[in-house]
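In what comes next, chain A is part of two complexes: it sits with chain B in the first one and with chain C in the second one.
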Partner chain A sequence: MTQPKEIFVLTDRCVGCRTCTIACAVAHSTSKTLFGAVAETPRPKSRIYVEWAAPAHKVPMVCRHCEDAPCMHACISGAIRRTDDGVVITDTDKCIGCWTCVMVCPYGMIGRDLERHKAYRCDRCPDRDIPACVAACPTGALVYQTVPAYAADVRRHASGEMVKGKGS
Partner chain B sequence: MDSAEAYVIVGGSAAGMAAAQAIRERDPAAGITVLSEEADAPYFRPLIPYLVSGRKQAREMTLAGSGPYTGRDIQVWTEARVTAVDCKGQRVTLADGRQLGYGKVLFATGSRPFLPPEIKGTDTEGVFALRTLADARRMAKRAEATRRAVMLGGGLLNLKAAFALLERGIRVTLVVFSPEVLSQLMDPSDALLIRHALDRAGLEIRTGTAARQIVGDESGVCAVGLDNGDEIACQMVCIGKGVRPNVDFLAGSGIRIGEGIVADRFTACNQPNTFAAGDVAVTHEPVSGRPIMTALWTNAVEMGRCAGFNMAGLPTAYTGTFGILNATQVADMPFVAMGTVHTEGVDLEIHRHASAEAYRKLVFDTDGKHLVGAVLVGDITNAGIYRYLIREKRDITTVKRQIVNHQLHYGHLLPI
Partner chain C sequence: MAVTDDILEKSIDPTVHQMLARARELGLETVWDRYEKMLPECGFGELGVCCRNCNMGPCRISPFEDQGPQRGICGATADIIVARNLIRMIAGGAAAHSDHGRDLAHTLLLTAEGKGGGYEIKDEAKLATLAKEYGIATENRTKEEIALDLAKAVYAEFGRQEGFVQFTRRAPAKRVAQWQKMGIDPRGIDREIVEIMHRTHIGVDNDPVNLILQGLKASIADGWGGSMIATEISDVLFGTPTPVRSVANLGVLKADEVNIVAHGHEPVLSEMILAAAADPELVAKAKSLGAKGINVVGMCCTGNEIIMRHGIPLAGNFLQQELAVITGAVEAMIVDVQCIMPSLGSLCECFHTRFISTSYKAKFPGAIHIQFNEEKALDIAKQIVKVAVENYPRRVQDKVCIPDEKTECMVGFSTEAVIKALGGTLDPLLEAIKSGAVHGIAGVVGCNNPKIKHDHGHVALVRELIKNNVLVVTTGCNAIACAKVGLMLPEAAADAGEGLRGVCQALGVPPVLHMGSCVDISRILATCAAVANALGVDISDLPVAGAAPEWMSEKAVSIGAYVVSSGIFTVLGTVPPVLGGPVVTDVLTRGAEDVVGAVFAVETDPVKGAALMIAHIDKKRAALGI
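Our next item is the complex of A and B:
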């Protein structure tokens, strides 16, 4: 298995515009267009959330697809599994809407579709090269990278800062 | 496979299969044998009410191949009931006389329904305690000729069974001795919205009364006699009066039994190479440290997985579980109850908020710095974050307002 990409969140870059939430909802709509999506019933739902924390922090949050995912083990109907790409997905056909996953997710990242009586969450946009939220973010607050590549970027940036700090 | 290295798991439900899967993840080559007394291959037990309602077939409930369960290289023996354990010789004996040696053994035999001895006639045909897929099949069959059913006990399991029967168009009466349904999971005043939802759904509920006897004729059950003198004519009775751990097979084994099998923090029993997990095991409550037993799929999986890691040589402490940890939806009303939820006459800091659609009760310890329990009805958004705070005993001073107003999100907990 190749190293899977993750969605990294840079909270200091988020300005709280919520473009990601709209892009997510559109990507998970039937029509896949903004004008189509707003007219759909049930209303397409975003799997990414932007919350506000005092005094002025905007915090985009999305399923972490945890390594030892509590939701997957807690599910009482076998609806949650991990794909070969490392993505934790909810099988809507198997979901019985008992909300046990909602109760155990420590991040609060599982939504409840009340019209369909099913749980929903980020599926990392399996049909797209880059998840819709990441592609839409205008400030680069969301980064889609493998862990080693992301770590290398951070190292490179940090080493640049250190060199600058020395004044050489 | 040399039996000295083999893993034997007694019990093929949540705890047993989670342990088997965990062992397999750690040790790709080990021999793993699961002994299940049921005739069906392991399945998702919480789904069996759907067999009664007709919404799902048995094959849609199979464990292997669903969720995290691969079932890969795990030998499952069905109709294999263990009757004795020899801890010195490290082997188990089955009901048919077969013996099986083990390197390490897990006792995950679960629990069985408790049938109150004071109710007469519980052996009448048409009386059920919904526990196994086999029970569900018999219940579904009986339901075909049932016009009215009486449920004894107002717990979650009985409510789910009641709804399965309602869906089939059967008239259902729930007889509850407690003053309100779900008394194990919340105080009566917390259950108001749920009770309204049950009433709207057409469930008849009689509280404060108990069954005395079940009356049968040649066609099986035909009525239930209550302690107030009433008699309800019915063709089916379902008993949901709690469960008892299956520990009888350990008589004379030297395994320490309290209310259930006593396991340490690393899920080990008092004899070498023996472990216990799930409904059958006594565990501890993380807030108070008190020993408790639960009968919940989610808890059983968590403890079973932990036991599997310990058996496979990865020491993993079991953090214990809340005595109460339930999420579900009855009728159109979702709810979550976790931690300390019974607060009548207890000195704790309690915040309640009630509207027409939602109710919440948040319970803090006396100094108000730690969340110890929560009941959320109607709006259960972000319930997992509350569970996390209770379980980790986090100082919640900085986010208390958000908790009380039910506006908490993970961003509040980030060090930013």
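Our next item is the complex of A and C:
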């Protein structure tokens, strides 16, 4: 089975511009354009957040689509399920707005849609090859990659660091 | 060299296609490559909601409610931030145009004092007209004496603290009264620009409408002040343009001559470069080095200035500056100020081309700086041309690739030339407008912008207008785009609607009239004022409209603001960074009607943009009962 891709965050790359949040909201708008999205009612919502980790880090936070997803287990109405692509999604027809998922999510990734009275979260942009936030990031702080490929990159970098200064 | 589909999508100009393919072959980067690398552009910037005016921030307002900060740290709303940013753009644009005007005033002053190193007063009739406007005595006085008083009077407009800028009084009395009523009649040129910088400082003006009014005030000081001074004094020093034939596009570069591209804006430099290039010693030197002569061509608004006064060929508009270098046939790219890409330095290093900067205000990486000085103008110009001539033997023939395309054009329609073409009076034009043969007049101006297919925005809009019998007057990069496709030939009347075609054929003029460089939009204002005064109405009553289909610069923002402030409906072809502020957007597109009798519209499709202009002209014709 092919490995699904995840959104990884390179925290040292984020400059806190929040371009990802705009791209996310536009991707979840009706018009799919920025100038159209800002005129829509209700306003489209971003599913990615940029947090400030004092004293020096800006951290994009997006749903991890956990393998053992607490939200999915906790959802009392059975609205949360995992797709064949490994993406954890909320079925808005079934969602009753009890916010149990909000209580159990360790990352705080569930939002409340006040107009529709439903929970919302990252859906990994099912209509796009690369999620909008990843495509928009100007510094490459968001990486859309499979776990083995991402881990291999980290290993290559770490191995280089380990032997640095030891000569060849 | 492969012209691929993506290259064809970038421009309608075959020279651009050829040179972009050449750039790719040589592994060279151009503005289009950098634009693509920049995508997606920052959404906060696109909406105008980021503020860096103090160091509590930078702040940016989330365009999506409940999704981040809705106020800056000081408490500024999106509208306050958008309005502040917008009028700072106007300040930048008005400053650029007006500093250009100031340089002309300075040159006139030196010339009048006998210190101009090669300049002379060429248009005494215009000198006398301007002197009369300023109440300067002309009888029994030399032209130098008159010019000295005029230069001092014009110089004083920049630092004026109270009163009004003289040329604003060319506007119809109703227009001036409206400006006064709204508190936007400028007191001086520099003062209004400085006041923008004050008002947009942290904690000063936080009323979006009040901010925009100050922006309009400064823009009027540009259009009816700084820019108009630049135009008028240029005419005094270098002659008022009259219709002249020439050619435009990169094919004007010559394989066997020393090619000098004069790029930038102010004729103070380019006029002297032309004089120096005609110097027999330098021409002999060029010939001794194997060239057949010295070929000076213009680029951007410098190109407009010298083509309309001397018929000097025009190499291209803003997005073609790098492509001129990539021909490998340019010995020197000589620049002064404005719209000069800093990428030229590293690009010139890939060829033998000398990139020569001449203004202490505008230095560039990779450029040779030869400081221009009006008091020794001709000597320095000769020194600059000498660098170009001596560079000819370094040209690498294998790298030379000059496109063939160049198109004939008829340019140089100053207001005076238009009136002359009409037989000495505006009446034939007024009659043609009244009869409907000329449905209306459109001013189409502005830059190039890689966001829009190069020249497509300009040409498609202009073609649609003339097809509908709207006479087009144009300046800047739009003028160059029109010249390159043959719209500035009398024969182009064949592409116009029946009424306009007849008028053009009777007068022997093109349906698209070249009025000059970007500061020469002041000529369009002056023409509109003359028409309005002749009819006894305000400019906002006229069947006229404006457009900037491919605009990008701060100067264009100031232009848009002063054109609307003058009462002319204006269509923008690229979206200005204001949509993050709903109040500001509403003021610009609707509310301004009550303030200045005109509004902005944004339409990225040039044909639809033309339709908006024609609909506006229809409305104004109906109101006039014609």
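Here, the second predicted complex is superposed on the first by the 163 of 168 C-alpha atoms of A that agree within 3 Å, B and C clash if a C-alpha of one lies under 4 Å from a C-alpha of the other, contacts with A are read in each partner's own complex, and residues count from 1 in each chain.
Basically, a residue touches a chain if its C-beta (ideal position, glycine included) is under 8 Å from a C-beta of that chain, and two chains touch if they have at least 3 such contacts.
It should be emphasised that the depicted structure is a prediction, and the values quoted were computed from it without experimental measurement.
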Inset, instruction - Evaluate whether chain B and chain C can sit on chain A together after superposition, giving fit or clash. - result: fit
Inset, instruction - Name the contact category of A:T21: first (chain B only), second (chain C only), both, or neither. - result: second
Inset, instruction - Check the contacts made with chain A and report whether chain B or chain C touches more of its residues. - result: B
Inset, instruction - Have a look at where A:C105 lands relative to chain B and chain C in the superposition and call it first, second, both or neither. - result: first
Inset, instruction - Determine, under the contact definition given at the top, whether A:S77 touches first (chain B), second (chain C), both, or neither. - result: first
Legend entry - First (chain B), second (chain C), both or neither touched by A:A136: second
Legend entry - Apex chain A: angle to the C-alpha centres of chain B and chain C, given in degrees as a multiple of 10: 140
Legend entry - Which superposed partner A:C66 touches (first chain B, second chain C, both, neither): neither
Inset, instruction - Superposed on chain A, how close does chain B come to chain C by Cα atoms? Whole Å, please. - result: 12
Legend entry - Residues on chain A lying within both footprints (that of chain B and that of chain C): none
Legend entry - Residues on chain B engaged by chain A in the complex (per definition of touch): 18, 44, 46-47, 50, 60, 63, 66-69, 297-298, 301-302, 305, 325-329, 334, 336, 338, 380-385, 387-388, 409-412, 414, 416
Inset, instruction - Using the touch rule from the top, collect the residues of chain A that touch chain B in their complex. - result: 11, 49, 51-53, 57, 59, 61, 70, 72-82, 94, 96-100, 102-110, 112, 117
Legend entry - chain C-facing residues of chain A, complex: 17-19, 21-23, 25-26, 34-35, 37-39, 43-46, 114, 135-136, 138
Inset, instruction - Provide the residue numbers of chain C that touch chain A in the complex, in ascending order. - result: 40, 42-44, 46-47, 60, 62-68, 575, 579-580
